[in-house]
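I have placed the structure first, in the form of C-alpha cells, so that the comments after it can refer back to it.
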Amino acid sequence: MHISTDIWIWIAAILTLCIYSFLYKDNPFYKFAEHLLVGVSAGYFFVIYFWNLVVPNLLTPLKNGFGTLFSGGGFTGDLAALVPGILGLIILTRLIPKIAWMSRWAIGFYFGAFQGLTITGYMQAYILAQIYGTFMKGNNPVFSVALIGSFFSDPGWGKILLAVSGPLMILGVICTLTYFFFSKEHKGFVGGVAKIGIVFLMIGFGASFGYTVMARVSLLIGRLQFLLRDWLGVIS
Amino acid sequence: MKKLTGIFIALSLAAAATAAAPEEPSLPVTARDAPNDAGGAVEIFWLASPLEKEEGFKGYEVQRRAEGEEVFATIAEIPPGEVVHQDQEAEDGVPYEYRVRVLTSEGAPVVLGVSKATASGQWFNTARTNALVGVVFTSFVIIFFIFRARGGAELFVRKIAGLDAVDDAIGRATEMGKPILFVSGLADASEISTIAAMTILGKVARKTAEYETPLIVPCYDPIVMMVEKEIVRQAYTEMGKPDAFDEDSVFFVTQSQFGYVAAVDGIMLREKPATNFYMGAFFAESLILAETGAETGAIQIAGTDRVTQLPFFITACDYTLMGEELYAATAYLGRDPLFLGSLKGQDWAKAVIMAALVVGTVLLIISTDLGLWFAKLFETSAS
Amino acid sequence: MRRELPLAICFIMGIIMTVQFFIPHRHSQWLFDNMLKWLIIVLTFAMILGIGNLVKLHIQKVQHRRRDWLYSIVALFGISASLITGFGWGIEADSPFMVLFNYVQIPMQATMFSLLAFYIASAAFRTFRARTVEATLLLVAAVIVMLGRVPLEGIVGRWLPDLAEWILDYPNMAAKRGIMIGIGLGAISTALKIILGIERSWLGGGD
Amino acid sequence: MNVYEKFLHIDRRYIFILVALGVIIPLVWPLGLAVTTSPPVENVYNAVEELAPGTPVLVSVDYDPSTQPELSPMTIAVLRHCFARDLPVIITVLHPGGPGLALEISDRISKEVGAVYGEDYVFLGYKVGSSAVILSIGQDFHVSFPADYFNTPIDEIPLMKKVKNYNDIGLVITMSGSTYPDAWVAFAHERYGQKLAAGVTAVMAADYYPYLQTGQLVGLIGGLKGAAEYEKLINRPDDGLKGMDAQTIVHLFVVLMILLGNIAFLFVQRAKKREAA
C-alpha cells in the first residue's frame, strides 16, 4: 500500500467520495461538493470562453483594426469584430430595466442565425442522410434481388438473415414514420402500421439501452481505479 | 398529394442532372478549377502512364507555373497508383499551367502532359442541390398548410399521451402543495429542441400561474435563462397574476453538464417537486436525472429529440414525448390553428418521404443500378 | 422597435444563414466561420448575466440566512476561485486555474458521470418488467445486446454477439432513422415558424 | 406484502452496493476471465508486428480525461507493444485536454521498459487545429511541430532527425473519444496514403466499422474490450483485462437483476390474480 502524499490527489479523492455519498442520501458532504462544483464550473466556462474566444476573436481584431484605422490604414476585415462586440453590449442592456427591451435585438440575431443553420443542417443530417442510409449499407444497397436469389439457390440461416434484413430496415423506417403521423387517428390500417412502428421503436430502445451499459461501467471503473490506485495505492 | 409527389420527383431529377459527375479523363493530363469550393484550389488528374508497369517507376511529380513565369516549380510528388492531386495553394484568377511528369529511378523525368486552369470560388454548391430541393419543398408544404389553416380549415390531431398528462401532473402538484420542476435541456438556444422546450414552458407556466403552484426553472445556458424568464413572466401576466411571478424562480446554474446535474439532483431531493418536466436536449445525464426524480416519487414527463437518450427516459419516466412529438407539443397544448397547420404540413412531407422509400424499394427490385441511382439522389456532401 | 425590429432581425439572419449553406464561395465561407465565433462571443456576454444571476441568488441566500445559506458561501468561493485564478494567472497548462480544473472540477464531474453505472442497474431492475408486449420487446432486446457484449463466446457461441449486432444494425437502425426523419421535419418546421415570426414566444411579453 | 413484493420494492441502495463490489473486487483480485480476440484488434496488432524494427510509429493521444478509463489502457498496451518491437514512438496530441494524460502515460511506460527519450520516443505535445495539423505533418513535421513538449527544437532530437513526414512513418494510431479518426482518415490516409489504425470508445466503435471494410483503417480497438484483447495479444494483462472482468460481472449482474425482478413480478401478478378470483 502506498497512500498518496500529494495534497491535490487527496482533495480530488475526498471530493469524489463527497459526490458518491449522494448514493446513500442527500447530506452535508454532498451539498458542499455540489455547491463547490457549481461555483467552480460556472466560473471555469466564463474564463475559458474569454481567453479562447473573446480575446482572439474580439479584443485582438478590434485592437488591430482600430490600430490600422487610426494610423491611416483605412477599414480592414478586423473591424468585423464590431458586430459581436455591439451585440454583446446590447445583450447587457438587460441589466438596465429602462432599455432592457433592446436586448431582444441581439436575441433576434442569435435565434435567427441558428434557425437558418438548423433548417439546412437538419435537412442534410436528419432527412437526406437517413433516407440514403435506409437504402445503403456502406457502398452497397441494403438488399438486392441477387441476395434474395442466393438464398433460394442455397438456403441457410445466414443467407435468410442477409436477404431479409434490408427489406426489414425499409419496412421499419416506414412503420416508425407512420407512428409519427399526427393528423391521422391511429385506427384501422394506419393504426396497425403504427403499431408495428412501436414494435421497432421498443426493440430499438432496448438495444440502445443494452449497448450503453458497457460504457457507463467503464466510467465507474475509471473512478474506482483513481481511488484505489492513485489515492490509496491498494492496486498496482 | 399526387401533385406534391410529382413536384418532388421532378425536382429530385433536376438535382441528379445538375450534380457534377466526376469526369473520365480523356486527355493525358487535365487541370480544372476544383468544383463547389471556396476558391483557391485546382484539381489535376491524369491517365496512368504505361511506365507504371515497368520496374523503376517511382510515381508522379506535379508542377505548376503561373502565366508569365518561366520555370515550373514542383508542388507535389504523388506515390504510384494515384492519379489525382489537388493544388490547395492556387490564387484565384491567376491562370496556371500544370505539368505532370513521370518519375523513374533512372533517367530524367518524362513529361506526361500539360494543362491550364484558373482557380475560382463558386456561388452555388451543386453537391447540395438535393438539400436545396428538400428545403424548398418542405418549407413550401409547411407554409402552404399554415396558410390553409389561417383560412379556417378543420384540423385534427391525434392523442399524445404525454401531453394529456400535463394538466393532471400540475393539478397533482397543486393538491400536494409542492412545486413543479422544469428542466429545459442541457443545450444552449442554438438547439432547436431547447426552443421547443421554451414554448412548452410557456404553456406550463400559464397553468402554474392559474393554480398558483410554485415553479422552479434551473437553466443551463444564460441566454436560455434570459428568454425563459421573460416567457414565464409573460405567462403570469397573461393569466392576470403578475404579482405571483417570482423573479428568482428562473435562474442560471452552470454550463458544466455534470455541475448542472449535481445542482438539479440537489433541488429534487430538497424541494421535493411533485412533478418534473425534462424537455429539450439531453445527453448522458438523462438517466441520472430521471432516476433521482423517480426516487423522490415525482411524476415525470420527459420529451427529447436525442435518440440515444430516449431509452432512458422511456424506462425511467412516466410519460415520454419521443422525437417529433416534442415539436408537436406546442401545437397540441395551444391548439393554435397556425401551429396545427404546420403539423399537417409535416405529415405531408412525411408521406412524400415514405413514398420515396417505396419508390426506391421498387427500383431496387427492378434493377440494382436503378435503385442505386435513386439512393444517390439523397447522398449528402460534407463540405 | 421593441417587437418588430427583433422579429425582422431574426427573419433576415435566418434567411442569410439558410442561403449561406448553398454558397461555397470564400465570402460565404468567411461569414459562416465568423458567425459561429460571433455567436459564442454574444453568449459569453450573456454569461455575465448568468453568473451575475447566480452570484445575486447566493448573496441573497447568505444575507437572509435562508436554508442552506452556508453552502452558498461555498458556491461563491468556487466562482471567485475560478475567476481570480483564471484572470490573474491565465489558463496555461500548469496555472492555478488548470490545477483547480484538474483536481477539483474534473474529479467531481467524472464522479457525477459515473453515477450512471449505479442508476443503469437500478433502472433496469425497477422498470424492466414484462408488463405488456412492448415492454417485453424492450426488455428482451436489452438483455440480448447486453449479453452479446460480454465475452461469453466460449460458453454460448458466436450466435449471441452476432444476433446482438444484427439487432443494433437493423431493427434498431430502422427505428432510429424513422425517429430522426420525424425530428428533422419537426425541427425544420419549428425553425421556419421562428424565422417567419409565427412562433414568437422567445420575445417574451410586454411591448 | 409477500416476499416477492418486498423484493420488487427493495431499497435500491442494496443494488448500488452490489454494483460497487462487482467493480472493486475484480480490480483488486483480477479474475482473469477468458477474452477472445477479434479481427479488428488482431489487425492492429499485426500491423505493428509487420513493421521492421526501427520504423517510427505515430501515436496520437486525441482524448481527454472523460474517456480516459476506456482509452488509456489501449494506449498503454500499444506503447508497450511498440517498445517491445523496437519501434520508436512519436506521440502527438490533438485534443486540448490530452497533454497531461499523454505525458503521464509516456513517462510511466518509458520508465517501465527503459526507453530513452529522444531516441526511442518523443513527446511533441498539443497543437491547435486538428485537420490542419494532420495535413501539415504530411508536408513536414518540422513545420507543424518545430519543438517538442519541453521546447527542445526537434531538429536537435535524434529520432526526429530521421523523420520528415508520413513517408517516414510506418503506422499512425489515433486514440480518440470523439471524431478525430475521421480527420485522420480524410487527411492522413486519403491525402497521403498513410497506414492508419484507431482506438475508440465502445460506444463509438460501431460507427467506425465501415472504415475497416474500405481499408481506410487497418484495424480498430474498441473500448475496454478492445484494450483487453490487445493486452492478451501482447501477453501483458493490465487495466483492460481487469476492467473487462468488472464489466462482465456488472453486465451479468444487471441481466440477473432484470431476470429476478421479472420472476418476482410474475409471482406477484399470479398471487394478485388468485386473490381477485
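The letters A, B, C and D name the chains in turn, as written, and every chain counts its residues from 1.
Note that a contact is a pair of C-beta atoms (placed from the backbone, for glycine too) under 8 Å apart; a residue touches a chain by one contact, two chains touch by 3 or more.
In this text, all values refer to a predicted model and were calculated from it rather than measured experimentally.
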| item | value |
| --- | --- |
| Required steps from chain C to chain D (each step between touching chains, minimum) | 1 |
| Maximum inter-chain contact count - chain pair | A-C |
| Chain separated most widely from chain B, comparing mean CA positions | D |
| Whole-Å separation of chain centres (CA-atom averages), chain B against chain D | 29 |
| Distance from chain C to chain A - Cα centre to Cα centre, in angstrom | 5 |
| Inter-chain centre distance, chain B versus chain C - centres from mean C-alpha coordinates, in Å | 15 |
| Averaged-CA centre spacing for the pair chain B and chain A, given as whole angstrom | 12 |
| Residue list for chain A, restricted to those that touch at least two other chains | 19, 22-23, 31, 33-34, 37-38, 40-42, 44-45, 91, 94, 107, 110-111, 114-115, 117-120, 122-123, 125, 127, 131, 134, 170, 173-174, 177, 180, 201, 204-206, 208-209, 211-214, 216-217, 219-220, 222-223 |
| Residues of chain B engaged with two or more neighbouring chains | 128, 131, 135, 138-139, 190, 192, 195, 223, 226-227, 252-256, 258-259, 262, 270, 284, 307, 310-312, 314-315, 322-324, 328, 343, 346, 350, 353 |
| Residues of chain D engaged with two or more neighbouring chains | 12, 16, 19-20, 23, 202, 225, 247, 250-251, 254 |
| In the complex with chain A, residue positions of chain C that touch it | 2-3, 5-22, 34-35, 37-52, 54, 68, 71-72, 74-83, 86-87, 90-91, 97, 99-118, 120, 124, 134-135, 137-146, 148-149, 164, 166-185, 187-188, 191-192, 194-195, 202-204, 206-207 |
| In the complex, chain B residues that touch chain C | 36-40, 92, 121-125, 128, 131-132, 135, 138-139, 142-143, 146, 188, 190, 192-193, 195-196, 198-199, 202, 219, 221-223, 225-227, 229-231, 233-234, 237-238, 248, 251-259, 261-262, 270, 284, 287-288, 290-292, 294, 305, 307, 310-312, 314-316, 322-324, 326-328, 330, 338-339, 342-343, 345-346, 349-350, 353 |
| Chain A partner contacts - residues on chain B that touch it in the complex | 128, 130-131, 134-135, 138-139, 155-158, 160, 189-190, 192, 195, 223, 226-227, 252-256, 258-260, 262-263, 265-266, 269-270, 284, 307-308, 310-312, 314-315, 322-325, 328, 343-344, 346-347, 350, 353-354, 356-358, 360-361, 364-365, 368, 371-372, 374-376, 378-380 |
| Contact set on chain D toward chain A in their complex | 13, 16, 19-20, 23-24, 27-28, 68-70, 201-203, 210, 213-214, 223-225, 239, 243, 246-247, 250-251, 254 |
| Parts of chain C lying in touch with chain B, wherever the complex brings them together | 18, 21-29, 39, 42-43, 46-51, 53-54, 57, 60, 68, 105, 108-110, 112-113, 115-116, 119-120, 122-124, 126-128, 138, 176, 179-183, 185-194, 196, 198-199, 201-206 |
